[in-house]
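Structure first, then comments.
We call the chains A, B, C and D, going by the order they appear; numbering starts again at 1 in every chain.
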Amino acid sequence: LEGTASFEAIVAADQKIEPRDVMPEAYRKGLIRQIAQHAHSEIIGMQPEGNWITRAPSLRRKAILLAKVQDEAGHGLYLYAAAETLGVTRDELTEALLNGRQKYSSIFNYPTLTWADMGAIGWLVDGAAIVNQVPLCRCSYGPYARAMIRVCKEESFHQRQGYQSLYVLANGSPAQRAMAQDAVDRWWYPSLAMFGPPDTESTHSAQSMEWKIKRFSNDDLRQRFVDMCVPQAEILGLTLPDPDLRWNEERGHYDFTQPDFEELMRVVKGDGPCNRQRMTHRRRAHSDGAWVREAAQAYAEKARAAKGASREEVMA
Amino acid sequence: MTPQPIELADDALVAAQRLSEWVSRAPTLEEDVALANIALDQLGVARLLLQSIGDEDELAYRRGDADFRNCLLVELPFGRSRGDLDFGWTMAWLLYLAAAQHLRYADLAEAGDGIAAKAVKESAYHLDHASQWTVRLGDGTAESRQRMQEAVDEIWPYTHELTEGIRERWLAVVEPVLKEATLTRPQDGWKPDGGRKGLHTEHLSYLLAEMQALHRAHPGVTW
Amino acid sequence: MTPQPIELADDALVAAQRLSEWVSRAPTLEEDVALANIALDQLGVARLLLQSIGDEDELAYRRGDADFRNCLLVELPFGRSRGDLDFGWTMAWLLYLAAAQHLRYADLAEAGDGIAAKAVKESAYHLDHASQWTVRLGDGTAESRQRMQEAVDEIWPYTHELTEGIRERWLAVVEPVLKEATLTRPQDGWKPDGGRKGLHTEHLSYLLAEMQALHRAHPGVTW
Amino acid sequence: LEGTASFEAIVAADQKIEPRDVMPEAYRKGLIRQIAQHAHSEIIGMQPEGNWITRAPSLRRKAILLAKVQDEAGHGLYLYAAAETLGVTRDELTEALLNGRQKYSSIFNYPTLTWADMGAIGWLVDGAAIVNQVPLCRCSYGPYARAMIRVCKEESFHQRQGYQSLYVLANGSPAQRAMAQDAVDRWWYPSLAMFGPPDTESTHSAQSMEWKIKRFSNDDLRQRFVDMCVPQAEILGLTLPDPDLRWNEERGHYDFTQPDFEELMRVVKGDGPCNRQRMTHRRRAHSDGAWVREAAQAYAEKARAAKGASREEVMA
């Protein structure tokens, strides 16, 4: 089998597409977009959590948070590498992030206002990410699927740590408890919005399903997430900020209030509380580091030239 | 003379806190990983040492700056002024620090200290990382050489306190790196100290205020 | 709608704290005097207002950031990033702030408020000072015009929360200054808010941690 | 009377030399050096105290400290203006500070490590400054003498505030008391060193005395300061860090241990704890402000040109 026919056969057989396989251009482009957005999210996602490393209230929590943020940088690295197998360079992807052509997850455009946000992000944001990402471990593109296996393993470790940290606050002093509840109040709906617009308005979905990149609809995943969170919130002893949240015997799921998708669209378009701040931060890190990258390159070239010269000497 | 555990602990703790400022701001993604890793190593050793002395959080969060025994070098900002974050400065700082820590931990490990046995391997990596960058930046572009020379010069005075008792061995590590980096070895002159007696620079109280603010706002609770 | 005393108090207090960062760092000695003077005025009004509500130090030093009711504008750093200290940015910020404060205080003074009667005169001076600098920098060099345009643009979104209920009157003050400064009046668009409900930017908790560190380290004492 | 003879007659008659009077070049140069050093000290002196404004522990203390530092900037202004009457510009003096050709008082090369340093500086450093400066209110150069009258008035206000602030600490909690004692321990000898080297080693002194710039010797002023401080320390209930400090009935003065003049010389030469930091700070403030000063000048020139043009229009 050759060309697109081969591609379709591989996908149909639930085998993996590998970088050297022929693939439809739209598949390649769509994957680049998705993997890049995912990688950018890891990079931008370092900021809201990085915001509390220097202020973590115990050394143990400081170490956990620092390790987590380091893992995010690591995830960024795997994911950029996965995208590179599709024929783009990391420099191109970085440029697309910095000039705003490619996006990152809108969840990171909310501020981290208290320490409890570290717990809430771990529980809810990482939790939502895992629900979104676990199916991607079986996605049709091999390098992405393998990267996601590694990412998901670490994410679920982070999620447990976040949950445990929030549990300590929820069972701590009245001030800690209030801090925990406030964080859940602020992060609940933005976490629900992480699953994207409702299925009725979702673009790209059908094609992604067919290509086995996406395996469940936005609304299905959102429902799965809600069903997972409700009992966990009960164990925490915290309230999810939705008065209409209740078990629906008939559906076998929790009914819940949808997030404000108009707000989501505003944030996606750039008008969230922290969009400008996150981009400014990223751009400044990039431009402040330019002289370092240039020097490293200049040094590498000199070293190569010296090696070449000494090889010539040996040959002469 | 062997430094006290609290001195090594505070060096590592304050270094970890300073290095944390780099999170999400490094020149490359690889370096974001590396700097976080080095910060984590420093924090890890600080915790083990503090635990060997008392309650780690009590020691980290409830002491004022005059109770800290770190050398002045680790509390300096990464540049001439508070809030600066210069990568060359950071690598010069790390070269000096890791070279000293490596020697100290090696001595202690040889004397049978278990914490030092772990720390000595990590500090070897820190030293290697900083050495490589010192060479790259020193022998990179005209701009990077100038910035790196300025950094090695400006931080140099603070290495006297850092290397008390191991100066010659430390020079034997650092001087070849500067040479390979085509940098001029700074002159000895001013030798600021005081950190080991709790007489710090004006920078430390800001660093600690940020580090301790949340912990102190909620006395006696568990995190 | 008239803002609550705590809102005006927190605006002035946080503004004073931000302005204090300028001490010994202004572009001219005259400006060192002027900025300290404006900071003192803001602090003075903040104290009177806080005293009218309760214990000034209890309110200033024992509340967390979620209890503060200042608008987001006053807590912004003087530049795009934390730690920045840009003079043009500061003057744009002060132009916007003083124009609003002047209107608020004038309304309150007319209604017989004694604190506002004092404050209105001071804010007239702040407004004049910021207006003059906005014009000088906007219509100065190519560099200063570009920096000033960027500053007025970047801070503009935060003026919506600042000027709630007095927008038209505020525009009538600010627009002619921008015009004289040959600057382009920024477009309305994004309208961040939350400060009046205690939902602040990530900047405020850092500002307060520094402001409150010493006070909180010694609970219950007299200074 | 003309020329130098007139100058000497005025000095002899305890009258004031004014800017337009003829004066010996050495008198003029010496005064410029002294007034400039004094002005620079006010400017650099803003830093150690400015270091605690954002952290002042009560709003009242914050206001007092802010007002004090503002006064220092104001003193700098009067003093530069006094120096300008001798035929130098402020730009020249600023340049001489920034390139290190002119000095500032070495006392500001020590760090302010705790809040109690604000009290100790007020009491001891301002106290020493006043003892040094009160005689300058009668110095032979009119503009300097008049500036000093104003400066001394404000300084003595600051000194009382510093003393009162230290008194509160000395009578506060054990931690406050320890903080106050520690500050006095650190600032005592540097304050004694403010009076300069011992008379046996002091240069310039004889000529300055003759010209009625200086009216008392370094050692006389230092003794006056010690005699003043001892009873004040007793009221504070704090100990001056000198075991050999005792009343000498015969001399009618306190005996005391001299400061370490070698340390003073090291600090003067640049090797104090904060020399580099203070100069870096000053240079950075100056260079960061360059674009602002340039813009102000460009605007002023445009405004002048416009005025000229409109005058021409009127005239035409």
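As a working rule, a contact is a pair of C-beta atoms (placed from the backbone, for glycine too) under 8 Å apart; a residue touches a chain by one contact, two chains touch by 3 or more.
Here the structure is a predicted model, which is why all the values come from computation and not from measurement.
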item	value
Comparison of B-D and C-D by number of C-beta pairs in contact, larger one	C-D
Intercentroid distance (Cα basis), chain D paired with chain B, Å	37
Whole-Å gap between the CA centroids of chain A and chain B	32
Separation of chain A from chain D, taking each centre as the mean of its C-alpha atoms, in whole Å	58
Multi-chain contact residues (two or more partners), chain B	209-210, 213-214
Two or more partner chains touched - positions in chain A	55, 281, 284
Category of the chain touch graph - line, ring, star, complete, other	other
Inter-chain touch pairs (all)	A-B, A-C, B-C, B-D, C-D
Residues of chain B that touch chain C when the two form their complex	64, 82-83, 206, 209-210, 212-214, 216-217
In the complex, chain D residues that touch chain C	43, 46-47, 50, 53-63, 66-67, 69-70, 73-74, 76-77, 80, 115, 165, 168-169, 172-173, 175-176, 281, 284-285, 288-296, 298-300, 302
Footprint of chain D on chain B - complex, ascending	65-66, 80-81, 154, 189-190, 192, 194, 199-202, 205, 209
Touching residues on chain D, where the partner in the complex is chain B	51, 55, 111-114, 182, 270-271, 273-274, 276-277, 280-281, 284
Of all residues in chain C, those that touch chain D in their complex	13, 16-17, 20-21, 23-33, 36-37, 39-40, 43-44, 46-47, 50, 56-57, 60-61, 85, 87-88, 135-137, 139-141, 143-144, 147, 210-211, 213-215, 218, 221-223
